[in-house]
Amino acid sequence: TGSALVMTSMVAQAQASDPLPIPQWTKTLGDPVLKNPYGLPSPFEKAIIRRETLAADMPGGYNFPTPHSYWSTTPLQDLRGTITPNGLFYERHHAGVPAVEPSEHRLVVHGLVKRELIFTMDQLRRLPTVSSFHFLECSGNGDMVTEGKFGKNVADIHGLLSCAQWTGVKLSTLLEEAGVEKDKARYVLAEGADSAAMLRTIPFQRAMDECIVVYAQNGENLRPEQGYPVRLLVPGCEGNLNIKWLRRLEVTDNPAFSREETSKYSDLTGPDGMAHKSTLIMEAKSVITFPSGGQELPEAGYYQIRGIAWTGRGKITGVDVSMDGGKNWEPANLTQPVLSKCLTEFTLPWRWDKTSAVLMSRATDETGYVQPFIEQLFTARGKYFLYHNNAIQPWLVQSDGSVVYG
Amino acid sequence: TGSALVMTSMVAQAQASDPLPIPQWTKTLGDPVLKNPYGLPSPFEKAIIRRETLAADMPGGYNFPTPHSYWSTTPLQDLRGTITPNGLFYERHHAGVPAVEPSEHRLVVHGLVKRELIFTMDQLRRLPTVSSFHFLECSGNGDMVTEGKFGKNVADIHGLLSCAQWTGVKLSTLLEEAGVEKDKARYVLAEGADSAAMLRTIPFQRAMDECIVVYAQNGENLRPEQGYPVRLLVPGCEGNLNIKWLRRLEVTDNPAFSREETSKYSDLTGPDGMAHKSTLIMEAKSVITFPSGGQELPEAGYYQIRGIAWTGRGKITGVDVSMDGGKNWEPANLTQPVLSKCLTEFTLPWRWDKTSAVLMSRATDETGYVQPFIEQLFTARGKYFLYHNNAIQPWLVQSDGSVVYG
Amino acid sequence: QSDTEAMDCDDRPFCIGTVTDAATIAPWNIDVLPDGTGLPEGQGDVASGAEVYKTGCAYCHGEDGLGGIKPIEDHAGYPALSSTDPTPLSAIDSWPTKNVGTYLPYATTLFDYIRRSMPFVNSQSLSDDEIYSLVAYLLSINKVIPENSVLDKASLSAIQMPNRDGFTCDSRPDTHNEPCMGDCAVPGDDGFDLGVAAKPGDDSQEDCMVVQ
Amino acid sequence: QSDTEAMDCDDRPFCIGTVTDAATIAPWNIDVLPDGTGLPEGQGDVASGAEVYKTGCAYCHGEDGLGGIKPIEDHAGYPALSSTDPTPLSAIDSWPTKNVGTYLPYATTLFDYIRRSMPFVNSQSLSDDEIYSLVAYLLSINKVIPENSVLDKASLSAIQMPNRDGFTCDSRPDTHNEPCMGDCAVPGDDGFDLGVAAKPGDDSQEDCMVVQ
């Protein structure tokens, strides 16, 4: 399985005249119930895991020095639908994954409030909940492309992206409970309990309208790699803003300008070396996950082109697909329901005739914004931009059926 | 964590004057990325697993003789939202879980068709897909209640229920590819590749309109316990109909009347001992998951009543909640989006004043059908009915905060 | 014949999936329908079935098919395949023990089930003659057929099971509950309408299994 | 004072969450804002900072803060904390190496970051004086302040970083692409409009960080 399609039809054809054998698993008892009280994938799926991008595929010191400030990618090219199963959710940590004891963990809410509050996890879980489906994406997703490195497959290039159903309490609920001083409040600082103690500045209106303090991920409690027992969720905004292992929320009248808002995670605006201070929103993006880099088409005939699209500005309204390098486009089908600030699956039927073809997808969102080509981003931002690379991703299907970066 | 709420607020109050300690995890590096290439829950979540219902809680030989024809329950009282994470999806097997090799597995489509076809998994995965969210429920869910046994918690009583995003190819696509003879076809027989080789009869219209041959579950390939590598999905219909480890689909003009359509999984219709031959649809049902059996309220004050509702007849249109044993009801909030033949989450704010209270929920679906009391089911079906118990579930919150069957 | 011709591609939406034939499928095509379609050639008598049962089935289902072997204490035992009361289920009013004799509408179900699922730990290992003999034995001890019966395709198809009229189609919904919001009656109160016994369903119910 | 009064329940939507105070929170309240809010009492000079750096930081960040220690071959090294070219980033046109001197808009960021995150394997272990001295040292080797600097709350707050004017607010979207469907130009074709350099954003952008 995995991404490699083998030439099964000819093999099956040759065997078609033999009576079907009865496999051993049809004649003997399988594993009992509760062999795994917490279930695991089939052993035949052992290639479907999170991975690092190999240094050999990213020469030049692209990969970070230490596995504690590093990432791992979701194998998006091997997934279907829009949900990322929890065990395959991408990682991006700055001091590894802390082993937080939930009964000891505390969340402090203070600053420009009438009453400073401390919450235990039990207290947080009592408060009214919201549940919604949202993607998370690192603003560095795809940054190697801006540096002229390309990676092999979707995971390498776009793998810092996942999607789940999140449940928690609205940040506004916590702030109202603390008696937030709305006339003075301009920002909320959010800080983590890992040893990086990541600090980010949340604009107050976004904090009140959008943010959720979440503790459940696809139904069960958060995974350690996603911030167990509690994290901040800022739908549609860069992963780093969504502080994991959340321990403190401070309402302030001034922003922090933390290191992750200046030295890192800030973007050059153009050739003059100026930079943006805050670029929170992840703009509309899409990528074809099949056929995509590293995969192979076994024969001519029908295939379903498929992929995912997403935007931090609400709903995806369309995804167009080109099979000729961008000269002509067709609108793809969007799997319903299309949700706001969530992955959207797109599909399009295609017949391959063994000629080489450059496939690409182009998303449009509810604001009318259209996913750009990378050359447009270089024009707008200069050749040194790094983050928020939402450019169109081309894949070249070669005449032998193998797919590489287009 | 788990279901037990501890009295943390008084403890926290007493400690409120001590400066917050800095935990060890805030001062030292945590685990590196890719410690678990396939991630796992926090060790602190080890109580959140699938379980059997203990014989001590279900006296009288309720539990089946062998772990190979048996079940395990989803801890619904510990989950949030509507997605069941794959590792906690309920099990119901008849010969254990076969270790199917996906490259060897075949799906045969034959019978009243122009051309008999064999599919490999690679071939199935090429065909056009659908992805949608649906619950699966065993028609025996809650059957012990009809026999006067009650179990302790939601998992015990209603735990043969889970929900996921499913991706696969429509059964109609496979049947059209085989050139199904629509004028003659009345049923499709579906058969599994485990050593029970479960056989069920699917009505032809339902097969063409509704059924999906699925291979992905919450984004990744099916779990072995859910039928890896391919199963049938019949949205809204009893779990047993959704044949796992699907190996054969035969279009016929007559039904099978298999053992699982006669001896088992068929329901007495009334006191006269007559039975239904086919009761495929799971009717509207709901259950409060908090506060529910086995849980405990630590103090008076605000709580969010929450639960899940579902129906095999489309969408849930409302869930009403009573806090006084059914005399008075309030409409609960339904988490959006409400999807067809899928779990729907409902919530309702509540203030508990330490007096005992009987809580219950009552679902209504788009057909206007209202979830009944069990006494109504006994009247309609006689005292010996077993399957399709979708009765209202009462929970008694006692004055000490502990919750038991109502 | 080219590969494309063999695949029948011109006539197919996708041309994915390999064309095969009945002989290839035969080892998996094991279902038996109520009219006997699918029954193999072969035959078996009650005495032979008793022998096969004694060595291959009795240690789970009990010597006389009355079951009850309990591999796990406090759990149910392996199911009985017979009972002491042969009255069809639809004719009694006591806690029903659904089993082979009292409940099955068709004898073919018994053949089909044994063929695909039994013995439990080594299924699909019996010969067709052995299955006919087991069906004969089990129907005999359930007092459905005489002890001197010999079953084959024709005679098994002809068996009329005692409970064959005991089934109707799904007639649900079979409750009607008003979504009362205030001052409501509950079961046990005089004002609560418990409803009535459900009417039998008729064969027009769209999901119903109806033998033509 | 009853528990309820202490909890302030009458004035709160839910009365969940325990009331606390600044003294309790203080050990976690470690952020430093651009105007110096949050800086602790204490001070440190460049020479002391050089000593602390040598024993606690140099083995990762390099003897002169030029970094490059590579614990994993083929990966990047630990980041440099200085560079050989002190020109502010916004004044150059070559591949930017963002670092302490050339990029940070506020010196307080450096204090805040070291205070919360460094040393990497044993964070939040430095004294306030040590942090002041490290900041002094790092700003000194970055040619932002003189070697004889002594930093404390007031003097650190007063530092004007070279790149303090190098930032504007988010002005995206910064591309405009027509959803052309047929016979389209692509980048490289004459007919394709690559767009223009983005205009700087202004402080009214709703998410922007603006210091009052």
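Each chain carries a letter (A, B, C and D) given by its place in the written order, and its residues are counted from 1.
In this section, a contact is a pair of C-beta atoms (placed from the backbone, for glycine too) under 8 Å apart; a residue touches a chain by one contact, two chains touch by 3 or more.
Not measured: the values here are computed from a predicted model.
Peer 1: Among the other chains, which touch subunit A and subunit B together?
Peer 2: C, D
Peer 1: Among the chains, which one keeps its Cα centre farthest from the Cα centre of subunit B?
Peer 2: Farthest chain from subunit B, going by C-alpha centroids: D.
Peer 1: From the C-alpha centre of subunit C to that of subunit D, how far is it in Å?
Peer 2: About 72 Å separates the centre of subunit C from that of subunit D.
Peer 1: From the C-alpha centre of subunit B to that of subunit C, how far is it in Å?
Peer 2: 25
Peer 1: Hey, how far is the Cα centre of subunit A from the one of subunit C, in Å?
Peer 2: Using C-alpha averages as centres, the distance is 49 Å.
Peer 1: Do you know which subunit A residues sit against two or more other chains?
Peer 2: 9, 12, 16, 20, 26-29, 66, 68, 95, 108, 118, 123, 126-128, 195, 197, 247, 302, in rising order.
Peer 1: Among the residues of subunit D, pick out those that touch two or more other chains and give their numbers.
Peer 2: Where subunit D meets two or more other chains at a single residue, that happens at 14, 16, 18-21, 24-25, 28, 120, 123-124.
Peer 1: Could you draw the chains as nodes, link the ones that touch, and say if you get a line, ring, star, complete or other?
Peer 2: Here the contact pattern is something else, fitting no line, ring, star or complete shape.
Peer 1: What are all the touching pairs of chains?
Peer 2: Pairwise, the chains that meet the contact rule are A-B, A-C, A-D, B-C, B-D.
Peer 1: Which stretch or stretches of subunit A touch subunit D in the complex?
Peer 2: 55-56, 59, 61-66, 68-69, 94-95, 108-110, 114-119, 123, 126-128, 173-174, 176-179, 186-187, 189, 191, 195-197, 199, 201, 203, 205-206, 247-248, 250, 252-259, 261-264, 266, 268-281, 283, 318, 320, 325-330, 362, 364, 367, 369-377, 379-382, 384, 388
Peer 1: How about subunit A: which of its residues touch subunit B in the complex?
Peer 2: 1, 5-6, 8-9, 12, 16, 20, 23, 25-45, 48-52, 66-68, 70-72, 78-89, 91, 93, 95-106, 108, 118, 120-123, 125-132, 164-167, 193-195, 197, 215-216, 218-225, 228-229, 245, 247, 298, 302-304, 306, 335, 337, 339, 345, 347, 349
Peer 1: State the interface residues of subunit C toward subunit B in the complex, per the touch definition above.
Peer 2: 8, 11-14, 16-22, 24-25, 28-35, 37, 69-72, 74-78, 88-93, 95-96, 98-100, 103-106, 108-110, 112-113, 116-117, 120, 123-124, 166-184, 186-188, 194-198, 200-201, 206-212
Peer 1: Per the contact definition, I'd like the list of subunit A residues that touch subunit C in the complex.
Peer 2: For subunit A paired with subunit C, touching residues are 9-10, 12-13, 16-22, 26-29, 301-302.
Peer 1: Under the definition above, what is the set of subunit D residues touching subunit B in their complex?
Peer 2: Contact set of subunit D toward subunit B: 3, 6-7, 14-16, 18-21, 23-28, 120-125.
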